[in-house]
Amino acid sequence: MSAPLLNVRDLHAWYGESHVLHGVNLTVAEGEMICILGRNGMGKTTTLRSIMGILRKRSGRIEFAGRDMTAVALHQTARAGLGFVPEERGIFASLSVEENLMLPPKVAEGGMSVEEIYDLFPNLKERRNSQGTKLSGGEQQMLAMARILRTGARCLLLDEPTEGLAPVIIQAIGEVLQKLKGRGMTVVLVEQNFRFAAKVADRFYLMDHGRMTAEFPVAELPAQMDMLHRELGV
Amino acid sequence: MSASLAIQAEPRVVLSARGLGRDFAGFTAVNDVDLDVEHARIHALIGPNGAGKTTVFNLLTKFLQPTRGSITLLGQDITHTRPDKVARMGLVRSFQISAVFPHLTVRENVKVALQRPAGLAVQFWLPLSALDRLDARADHLIGQLGLARWRDHRAADLSYGRKRVLEIATTLALDPEVLLLDEPMAGMGQEDVAMVAGIIRDVATERAVLMVEHNLSVVADICHHVTVLQRGEIIAAGDYAAVSADPRVRTAYMGSEA
Amino acid sequence: EVSDGKVKIGILNDQSGVYADFGGKYSYEAARMAVEDFGGKVLDAPIEVVTADHQNKPDIASNIARQWYDTEQVDTIMELTTSSVGLAVQALSQEKKKITVNTGAATTELTGAQCTPYGFHWAYDTHALAVGTGGALVKEGGDSWFFLTADYAFGYSLEEQTGNFVKSQGGTVAGAVRHPLATTDYSSFLLQAQASGAKVIGLANAGMDTQNAIKQAAEFGITAGGQRLAALLFTLAEVHGIGLDAAQGLTLTESFYWNRTPESREFGERFKERTGVMPNMVHAGTYSAVTQYLKAIEAAGTDETEAVAAKMHEMPVDDVFAQGGKVGPNGRLIKDVYLMEVKAPGDVTEDWDYYNVLATIPGDEAFLNPAESGCPLVQ
Amino acid sequence: MAAKSETVASDHVAAHPRAGQVRLLLVAIALAGLLVAPMFLYPIFLMKLLAFALFASAFNLLLGYTGLLSFGHATFFGGAAYFTAHAVKVWGWSPEAGILLGVAGAAVLGLVMGAIAIRRQGIYFAMITLALSQMFFFFCLQAPFTHGEDGIQSVPRGHLFGLIDLNRPMNMYYFVLAVFVIGLLIIRRFVNSPFGMILKSIRENEQRAISLGYSVQRYKLGAFVMSAALAGLAGGVKALIFQFATLTDVTWQMSGEVILMTLLGGIGTLLGPIVGAGLVVTLQNYLATSDVPVTIITGVVFMVCVLLFRRGLVGEFFATKIGKKLGFRAES
Amino acid sequence: MTMIFGVPVQALMGQLLVGLINGSFYALLSLGLAVIFGLLRVINFAHGAQYMLGAFAALLLLTVGGINYWLALLLAPVIVGVFAALVEKTMLSRLYKLDPLYGLLFTFGLALAIEGTFRYFFGASGKPYAPPAQLTGAVNLGFMFLPIYRGWVVVASLAVCIAVWLLIEKTKLGAYLRAATENPTLVQAFGVNVPLLLTLTYALGAGLAGFAGVLAAPVYQVSPLMGSNLIIIVFAVVVVGGMGSILGAIVTGYMLGVVEGLTKVFYPEASNIVIFVIMAIVLILRPAGLFGKDA
């Protein structure tokens, strides 16, 4: 196996005094799509925020494309090829939908074009001149994803991209993710929606109280259902 | 469930909207919506993202002023009433983004809601202990919703799901005639979903509930009546079985999954 | 006999605000100079000068004054720039039975309705300024006036008093425009003044207001257009501040000018050596006030307030500041004041030589007759 | 859940069981100190300090407990000083009636200013109050009864209830002390009342408070008027202490000063503004006779406070182990 | 002569022009304030002090360095900007995470400290600064005597205002700035160097104040307190225009300058209050301000 694209070793993270991650280990190969499952408050979002460098009180090793990211300034992480879709969406009120879409700087070739994005999310096209936060909750979620697809990031960190979305849209997003995978995109997905995750992910991690407590490929999914039912109630 | 339906021989409409519409700078978010919410029934409002569900909520609770149409609450026209007044008349909402008072304890959160109906809101000359007589009722509510263990915790320290439950508890403290819940299960873990669904079903026996929800299994489970919104207009209404069979609803909202 | 073995003089004024150059720490220097010139001792007791910055706030001033009197054995407070402070400290001092000599504030109230037996007003007042600039300028041909007046009590009283003198001398008042305090832009008012066609534009304001008005008048070619600018409260320090380019041709009244007599020249140069600036009427007035106070103690043979105040009322004032000056029963020092015109930059032969003295106004004309001042002490 | 309760415990040092008694004792000591203070310290200075402490406490009622930063509180303080001074001096009212008029006047001003400003929040609110108080400043500059730059001078202190001669410093001092204590008790009660509870919840989540049926604007306005009235109480008393009312008290710099006091002492604590006022008043008094310009010091203190001691002296103390053991707690 | 309300039309024209000149200063200052507020959510109370710094920089450049007005017009804003950048980098930037009120309080202290320092070294009454030789004198417009320098002030400020507005509303850089206002961390996570951006923004805003200061130096007395009262009026202008609205700040600046000018003719006593009165009325009718986006 070639060196993983993203390799996280013994990651600890803190919010102020409270110690939230207790030694997370995670590897993602180039072109792979992994999914982190876990109940509320187990540290999934925190893991993504630490990898991205948004949460800076952390220790351990985060290697991306062979480079140690813990020393890299926040605005350089994106340049290295990591793209982040936050759970709270982060749409900018003072920018129009289109400006929101165009905001993140292109970091590499190979991102989707604006036309492709509008084809994928017709809602956004229709509302492209309105204020970003005037979109409905679900539309904002689409916009948050769409704008990262433009930048040409090699690896996407998606935090619950289906939260609050209508089933049809979730389906569409599932298709987008398949398409991205087809293009060789690497994805780290955090999901509550197990049914959705089961359809798209190659490998699963289960997170519990700041640690990864289980890891298995999609092929083992049926065998793991009991455990998942116990842990997650799915 | 069927038993409660049977008792309801003659449904009583407590909240109704006629021809409701709202434009935003040339964009019509809600158009010509007729809605009747009945006592002791759970009414679901579903529809694709951006269909206008939250906007309808905002209109009904008067957080937004409708461009067209009228709203009647318990027989009174509230089309031009202020939101806090509407709340006092018995129409109370929860928010799509969870809304509690983070630095107050669970009990204090509930007591804040109890203060107004108890006529203990403007007394700046009384000591805080004047509020002690609300404790019993607050504790009762807290117990009812299974929050007793967390009574003295700050709301900020609760898990996501419990915050939503707390929000429902404060809402119930007002003993509203009509309860509006905006995506009460959003972002909630599976185990909490079942609990909250149960609670909603319980409270609906004595009041009307209107809720927005994307979790269709919940809708199927507990809702008596479903209205489907698309592009601000009603495309279908009826019970879940009828609505989910509607091809328009399937293409616009559910997709091939459900 | 000197109580507690020491005479202590407090100089209380604005040392950081808009009047910092008008009086400021220079007044403190003037007081110290007076003490040194007096020999540093009176009735064998040492003399000490203390100072404080009241920041133009009457409550701070009154606090300091009380503390000085109550806990630091200060015998008298002087300078007291700005009317609100002057009135407050004078009233307080009456209660405490202490002498105040005001050299910095303009209001005639100090020796009018609010006069006290121990309060003295030394250098100038609005009445003198009005007579000096208003009355004397009419005689010089400036017989029609337009006022730019700061819109508050001080401005009104200056405008009213000056206007009355203009009229009593046969002049006319063509109009007035009231501008708010601390206006930065005067062009609008200056245009109105210009349009009025009056020969003299009187600036009934103070401090920064006057400075900005003068500067902008130059810009709009007011003086170049043949109109005359008269600043009703303006001193050498401010002329120096805005520079002769802007100030040339301005007329104003002061009760002191360093380059008027050999004695004043000598005093001025000594003062400049210590401070770097030439004295204006406030500085010279403070020097005179301190000197007179010390002389009064010597004459009374005690520093007891009643006796010293009586001497101060009684004794003539003769020093570099006042010649043949006398103090009215209301506490007003009556002495000559001078109408000045600011020279053009080309006419200045030496540093700080900014004025031509146009006229001398005798004290009895310049200051209100104590009997008409409204002071209840004068019956 | 176990992890959760650990973190909860760690930032809540439990108060010592006897903390309540200790605090009561401290209050008693402070009160006793104030009672005997004029034997050792200069009464006028103490009175000024008390007046400003009350002013800052009134201000803190608004900022600390409803989160509204008013940059126009000088209006109420200085306005009341004028009303009281005028009533006592010109109309010959008794001191207590004069002060009541000041309080009422300040409350009315507060109602007007509040009704306009309360429509916006945060910095907007601050800016609007600033601008409105500037309007009031110009009004005071021009209104004949304030006597412009001269101010209302020589205000008689008179006899309290026609009996107690306030011209005697000790009588005046104990009168001011009584007003101060009453003012603080009012504030304390106001904060810890059913009304105060609603204010707190509004500060936490305004939308939610509306949806529970509270007319948020009116509650805020209520707090604003209360704060204005108490600032007026301080202003009225100050007019009697110094026996004058002048423009200084209505300038925006005065509004800034009261913010400084509160910030320096600690926002959202009952004690903070008092300590802060004490410090500022002492500092001003001390610096007036020193060489260093007061404004520089004030400015630097402001900056340092905001950068380093945001909780203020008292707030920082409360946050220490000892403070927590004693059961002290700051809002926000 | 034609009259309007008892005032000759000619005179009125003059007053309108004078109002416009004043409005130029309001516009420049409120623009800088709006830029800083709009992007950093900081009410820059030090804006008046920075305006004063601009004027003093020009004065000192002239007296100490012999540098003339035209060069000062470029250099002084840069000096003020660099100073502001240092302040932002070392101190102000620590406050962004907090309630915006702290930014206001910090800059309030900063203003006091700067003004106090200058007062300590230069006295309160100020120093004169002569207009450049090329712009002295005046032209007779028939209805008024217009000092050439004042005409230049209008032209220069208009040009700068338009340039800044275009920069912020129409460029990518502007979009970054606006986005960074709301969620700096996220924008930074997108790969934009936000701390640098914010420093530059503060420097730009302060630089605009400095520029206004240089423009003002020949008109007003260069004094430590020249900005301290002006700042309050400028705040009112920004509130009327709609806080954070760049265009609003510019348009309202000129507009209120003119309104104030006219008030000086019809009811001069009210000319200082008129802006606050307008502010109160606007707030009652349109709480978000004339150009404000949202309540």
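Here the chain labels run A, B, C, D and E in written order, and each chain numbers its own residues starting at 1.
The criterion applied here is as follows: a contact is a pair of C-beta atoms (placed from the backbone, for glycine too) under 8 Å apart; a residue touches a chain by one contact, two chains touch by 3 or more.
The structure displayed is predicted, hence computed values, not measured ones.
> Trace the shortest chain of touching neighbours from subunit C to subunit D and give its length in steps.
1
> Using the contact definition given at the top, which chains are in touch with both subunit A and subunit D?
Touches both subunit A and subunit D: B, E.
> Give the fewest steps needed to get from subunit B to subunit E, where each step moves from one chain to a chain it touches.
2
> Looking at C-alpha means, what's the farthest chain from subunit A?
Result for the farthest chain: C.
> Tally the contacting C-beta pairs at the D-E interface and at the A-E interface, and name the larger one.
Of D-E and A-E, it is D-E that has more C-beta pairs in contact.
> As a test of understanding: of all chains, whose mean C-alpha position lies farthest from that of subunit E?
B
> Can you work out the whole-Å distance between the CA centroids of subunit C and subunit E?
36
> Please report how many Å separate the Cα centroid of subunit A from that of subunit C, as a whole number.
For subunit A versus subunit C, the centre distance works out to 76 Å.
> Roughly how many whole angstrom separate the Cα centroids of subunit B and subunit D?
Centre-to-centre distance between subunit B and subunit D: 42 Å.
> Between subunit A and subunit B, what distance separates the C-alpha centroids? Give it in angstrom.
From the centre of subunit A to the centre of subunit B is 31 Å.
> Which parts of subunit D, given as residue numbers and ranges, touch two or more other chains?
Expected reply: 4, 7, 138, 142, 293-295.
> If I count partner chains per residue in subunit B, which residues reach a count of at least 2?
Residues 159 of subunit B each touch two or more of the other chains.
> Using the touch definition from the top, which residues of subunit A touch two or more other chains?
Each of 41 in subunit A touches at least two other chains.
> With touch defined as at the start, can you tell me which subunit D residues reach subunit B in the complex?
4, 7-8, 189-190, 192-198, 200-201, 204-205, 207-216, 222, 226
> Contact residues on subunit E for subunit D in the complex?
That would be residues 37, 41, 43, 91, 94-95, 98-102, 104-106, 108-117, 119-120, 232, 235-236, 238-239, 243, 269, 272-273, 276-277, 279-280, 283-284, 287 of subunit E.
> Quick check on the complex: what are the subunit C residues that touch subunit D?
Within the complex, subunit C touches subunit D at residues 16, 50-60, 62-64, 66-67, 70-71, 82-84, 87-88, 91-92, 107, 109, 114, 151-154, 180-181.
> Provide the residue numbers of subunit C that touch subunit E in the complex, in ascending order.
Residue list for subunit C touching subunit E: 16-22, 24, 151, 177-185, 187-189, 191-192, 194-195, 207-208, 211-212, 215-216, 219-221, 225, 237-238, 241-243, 245-246.
> Contact residues on subunit D for subunit C in the complex?
42, 44-45, 48, 138, 141-142, 147-151, 153-154, 238, 242-244, 246-249, 284-285, 288-289, 293-295
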